[in-house]
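In the two complexes that follow, subunit A is the common piece, with subunit B as its partner first and subunit C second.
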Partner chain A sequence: MSSKRDFKGTRTKSRGLTRRTALQSAAVGGVALSTALPIFNIARAQDNKLAYAMFGEPTGLNEFMYTEIHGSVVTTNIYDKMARINYDTHQSEPEIVEFKNEDPLTWVLKVREGVKFHKGYGELTDEDILYCFNHVQEAGTFQKGITHFPVVGATRRSKNVVEVKLNTPFSAFPMVTMGYGGSVMCKAAHQEMGDQEYARNPIGTGPFEFDSWVSGSHVILKKNQNYWRENQPYVDEVIYRTIVDPSVRLSSLLTGEIDIMPRPDPKDIARFRDGSEPGISYQSVPGWNWDYMDFTLAPHSPADFPTNNVDVRRAISYAIDRQTIVDEIYAGEALVTDNPVPPGYLGHRPSPIVYPARGDVSKAKELMAKAGVSGFDLEVITSDKEWLRRECELVSAMLSEIGINVKIKGMDAGTYGSAWFTKQFQADLEDITIVSPDVDSALWWFHHKDGMVEHGWQNTQVSEWLDEGRRELDPAKRTNLYHNVVDAVLDDCPYIYFNHVNQVYLLKDNLDGFKAGPQEHIVPLGAVRWT
Partner chain B sequence: MTVNKSPTQSPSEEGVELGSSHSPLRLAAGQFLRHRLAVVGVVLIALLSLSAVFAPYLTPYEPTKLNLQAKLSPPTWEFPLGTDHFGRDVLTRMLHGARISLLVGLGVVIIAAGIGTPLGVISGFFGGVLDNTIMRLMDALLTFPPLLLAVAIMGTLGPDTQNVILSVGLVYIPVFARLARGNTLSLRESTYVSASVALGAPNWRIIVLDVLPNIIGVIVVLVAVTFSKAVILEASLSFLGLGVQPPTASWGRDLNEARRYIEDAWWLAAFPTFMIAASVLNMNFIGDGLRDALDPRANK
Partner chain C sequence: MGIWTYFLRRLVQVPLVIFFVSIIVFALMKVTPGDPVSIMLGPYATPETTATLKAKFNLDRSLPEQYLLWVGNLLQGDLGASIRSQEPVTDMVLNRFPVSISIALMATLLSLLIAIPAGVLAAYRRNSLWDYALMGFSTIGLSVPTFTLALVLILFFALKLQWVPIAGVGLRTLSDGFWPFVLPYIIPVVGLAVTTIAELARIVRASMLEVLDQEYIRVARAQGLGNLVILRVHALKNVFIPIITVIAIIFAFQVGNTITIEYLFSIPGVGSALINAVISRDFPVIQGLTLVVGIFFIGMNLLADILYAVVDPRIHYN
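== the complex of A and B ==
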């Protein structure tokens, strides 16, 4: 309600919206909004709920099917693993089973008692563990070739004691087979539902049970009231919101819509790193991963294509200024490397072993001249991760110095994965998280001639060293074998490694118990609580 | 039989005989030149086109060359429109981005008008099953919002400049087909077409000499409007990461990257936005001028 003068000069009442009322309304609204946002935040803390921002949409939550980063981030809290990786010791620890290696080909697992499946599916027994091993073999799930390749089969030895027979000794069995590939799923539920239904309605024994999933928006997990770890989980509900854009993730964190976010835009990190942003804490740990570039080699690419010439690949590796990638793409939140073995892994050697952090363009030009290649077009594929597309731009500029004209081809995650696995590309720039702390996981799949993602580098000697490394239990001997492998990789450059990227999280500073881990797809929330 | 002049030819030929100052082309040109905004549009688009063609000679920088020491520099004498997060000169990228936008606009109208117009004319002229088949197909394409359809096609073809031209061109084919068909349907009933039919003129001759010359005016207007829409659609696709791939300069792509620096480097968002808006606005002015000049119904 406001007043104005009529043509006679007398004051009359008007119900129209005047500038004053508009400004007053805006001011009141602004104050209300600015006070309401923290209230929402406090309300979530008071309601004992937690909101986590994923930077993509899960494709499914069934661990018998391949789940990408976002699916794994959720399933980490739905399923327990047979063995859990201890990030501090770089070793695997019993989680759902106690395990011992009776002889090189026999592992004996004792199932933890008193563990219950979600939603009334009963107590975990040796039947479920047997099912987890034998279903992989019988159905040929993705684990068969990646984590369960040495497994012949599992049998029941006595009540809640399972014997797993291998066809070859495998030193990384606890970390790879029972860790990465060892999610404990419910036999009865999986048989009842089948793979597709189970992927949308998972049943596990983890700290949270699945509640609902709205595609493109969020996944909600509720507290598992019967969780076997005492007092855990602390929060009653976790909502995973899909927020792809890092700036939107950050504003959602600052306005209280979410509580934890991974992968802030590196350009924003500095203000949180120095603690100048009240209410937000920052965690950063060295990642078990690498950014890399690789090539399809003959017969998966024409024999006369320049990247089949080892000197051209070496020239590319010399032309890369890895330090600039770390500075410009990751704002220093990464470690330069020229090889695939991160710090803390067996056989790690400080980088650079061969290729300097700042690159060596003149050496690269010499090698191009030696190869007799003056320049060529190279199509480089990458997935939809925006930081990798920027990295591609940087690498493109670096390679233009030696006459290579890079054509970047960005793809959605599904198309990219298909092209990568089927070797339908010339070159690829991507990042990979190493699935276990065993050095085998950083090398075998990529450089063995039978590896799932080798792209034509059929080096028999390297394959023998890698196989021997799996069989060998003596760390010193394994170290030598893996040094040999890395030296061969650095010499032939089937893959070119750039850096290990830190795992960075921003979260509310009144959250306790969150511990950033080095693997992007593993984010346990059972120990997180509001203070 | 010696009488083979169509009635459409008669007025223009009469005009030539009576005096060239009354030729339809001259009348249209005169009408167009009276539309001041359209003339401004032509001048500015011509300047933009020339700048795009001679871009490598207009600035001393390369659009993709890194200059990390100068990254995120605000506009200065050295970098009149500032630099981006890799130190690349924004002015250089704007000029090279114009090449992409104009190329896409041109390619799109060639595909859309080149395929859509004949389809519409054939559909409207022959009618029957052929008409139904073509137009239902066109209707099916028109049910999708242009951006959604372009995204779907790009998803299949993969991101690339040529694929942007192809996908956006396909999106606008039905627009040309519908317009051409509608005009052909009314022309088919006209006296001079009936006369040509009665005189035994073959269908191709009637289409080429009687129908096409009479719909070319509205098609030209649509070309101008579609050109500007194609520029926007290309920018949208590139903004979404589906269009032109980095490091190639593209207004839409650069605008997307600028979002990261909206609080720190205003120039990164401002200039691509201005270039997109200015080119689209000027093409629309030209379209308005052409409509006034070539579409008699619009004049009324």
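== the complex of A and C ==
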């Protein structure tokens, strides 16, 4: 019983909720809640499970239908490829086929024995390999134009031996066709399910088999008990959780709700890099990607627009302080460059090659004067990636020193994609990931006149070098050809390259076997185990 | 005109409203730049692949044709399928709508449980420390964006105190145990409820103050009734009239508000699906989900009107 004042200020007695009972209830509630605490932080190490945070939702798990980061992060562990890229050697290695180049137009693939499909779909045979090659051609999947363009057809030579005929020599066949485009699905399962069902219930031969998928929440994979690599995988279950926001992702790692997270916010990285956060380790490798700026060129922009003048483009490249971008936007987790060939690639040269890391504003001003341009407004589009918008702001400040007034136009991915595909922009600042470690992947699609060339750059000589580079099998000759291409790009500046951004992962320090790779869509977990 | 006649008249208007909603949603999507097929296939797609997929989803047809095809399917109960994931939109609605509804419902209930006693107490102790504290909380609650508030809640309750998990709605079912199932809901629900608590507490306080100044309260007091009796028997009944009618609207708005929370906490509800669909210009998903949410709003408005008449006999729909 307590004494209280009513709304008229009269002191009354009541049996209601008192301060003491409220505090008692709160204490009891707190204790009750605290007893439940360990429940959410399930000790996955003891359960031999692993939780990986994706920063987006997979679209589908059929590698012949979709090409996007989040789906690939999962399917990397469901499907094996014909060839796998070794990130240390930058070479492709046999995965579930052995391969040899009998002559420039013939590749012979021998199927690895004892490889079994998930969920009782039997052993992998040459029929499955043939089915995958034929499916690409017949269904016109995205691989047809990107990775399988030189393939004439595949035939069975003998039991578990397949012959692939090309219409032109293709030096990147192992890396591009059998690596990036070389997923292997199960013929029987795909014929039974069809494309759509297969995308929700995939059957592969990889270290983990698909278990369940709750859209918008998580995907669960279970250990493939029949995996062909000895002792792998080590964990029994992988839970891929979709956590879009980087701060929520990091908080979830710190509270133990997840075990591995990609792409932390650069501002958070320093404390993990210097080891001041106990229990969490940090891995960072240079990425196979670039941040770049490009321009729509005539006839896709008015011929008299300043960026159609090569000296203006060169001036812009000189005005960019690339080192500041690396330091300020990526907290040092990127490599300065001025060209599209990352370290480790055939034809890579110490970078920057022409344009200084700290920029050269006087040289930039000279070139602007030479071009007869004193200043102009330049609209730069970028997508919804927060770091690119900040990079845009920094570039805007840098270009203001040579009289260019940048107007930033941030767009959601849909609007940006539309503007990009239809060349409806003046300048563009974006990033892109290279799909294979062959230099052809870094150059052809972006500089050949028949490639994407959203800027509209048409350089016949460069296109010829690029085609020759595809046909040429001698690495020394290819190197020369690609040096020529890079020199032409540096001279004409259809693209202005800024940096290669590192792939950064944070993970529990009692996890062993995880190896950060340079491609964010490839995250193999078969060798990962708890210590 | 009786309430049922009014209800039937409103019911007849519903298809018309839905028709206009569908036209607006369809038109907005089509005038927004962005091509779902190009976004889905990425920059390496060949023109042939792009054309095949566009034809598959009727995107190569004229806009009126596309609309009529969509409405035709809709009338047969088919909301279409996602261009990106091929998942039927009906399945998305069935799987995701209950999640959004349950979060909105929990947030609404929590708001009522806290806002009503708090508002009553603030009015009952007008100009007291409690009253000032509530009004202060209410100002902050209304001013702080849900997104920011959610991050603060994460910082204190998940990171510092480690009382609750940050995300994980949809990760476990009730069969995993009560606490593992319920705990992931706590931060999202509290984050969602704070604004409503602030808003509702103000309404309750104002309404209670108005009631307490009425003559019948003075009469009751003159009759020698105790304060608690006056509050419980005479005041609260009348205070509840405006509250009950706004509950349906608040609930409907909570479903809309879950978009931010679902995005932040990776909750597999309608909101997160809508954001992903908008980003990828997945027209069938946007159209289907928006339509369903629109129908839900219409339903809640109708419910509010009916409740208003039911709880207040003075209301006549003449």
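By definition in this document, the second predicted complex is superposed on the first by the 473 of 531 C-alpha atoms of A that agree within 3 Å, B and C clash if a C-alpha of one lies under 4 Å from a C-alpha of the other, contacts with A are read in each partner's own complex, and residues count from 1 in each chain.
Everything below uses one rule, namely that a contact is a pair of C-beta atoms (placed from the backbone, for glycine too) under 8 Å apart; a residue touches a chain by one contact, two chains touch by 3 or more.
In this text, all values refer to a predicted model and were calculated from it rather than measured experimentally.
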Open item on the list: Once chain A of both complexes is superposed, is A:Glu328 in touch with subunit B (first), subunit C (second), both, or neither?
Closed with: first
TODO: Would you sort A:Phe421 into first (subunit B), second (subunit C), both or neither based on which partner it touches?
DONE: second
- [ ] Would you check which partner chain A:Ser247 touches, where first means subunit B only, second means subunit C only, and both and neither mean what they say?
- [x] both
Open item on the list: Tell me the contact category for A:Lys407 with respect to subunit B and subunit C: first, second, both or neither.
Closed with: first
Open item on the list: Which partner chains sit in contact with A:Asp384 here, subunit B, subunit C, both or neither? Use first/second/both/neither.
Closed with: both
TODO: Applying the touch criterion given at the start, work out whether A:Arg471 contacts subunit B, subunit C, both or neither, answering first, second, both or neither.
DONE: neither
TODO: State whether A:Lys365 touches subunit B only (first), subunit C only (second), both chains, or neither.
DONE: neither
Open item on the list: With both structures fitted on chain A, tell me whether subunit B or subunit C touches more of subunit A's residues.
Closed with: C
Task: Residues on subunit A lying within both footprints (that of subunit B and that of subunit C) - done: 247, 384, 412, 415
TODO: Could you please specify the touching residues of subunit C with respect to subunit A in the complex?
DONE: 32-36, 38-46, 48-49, 52, 84-87, 92, 95-96, 123-126, 128, 151, 154-155, 158-159, 162-171, 177, 179-180, 183-184, 212, 226-228, 262-269, 272-273, 276, 278-281
Task: subunit A to subunit B touching residues, read off their complex - done: 247, 265, 267, 324, 328, 384, 386, 389-390, 392-394, 396-397, 400, 407-412, 415
- [ ] Provide the residue numbers of subunit B that touch subunit A in the complex, in ascending order.
- [x] 64-66, 68, 85-86, 155, 158-160, 241, 245-247, 259-261
Task: Contact footprint of subunit C on subunit A as seen in their complex - done: 5-7, 10, 12, 14, 16, 33-34, 36-37, 39-41, 56-57, 59-60, 66-68, 140-142, 144-146, 195-196, 199-200, 214-218, 239, 241-245, 247-248, 251-252, 254-255, 257, 384, 412-415, 417-421, 432, 445, 452, 454
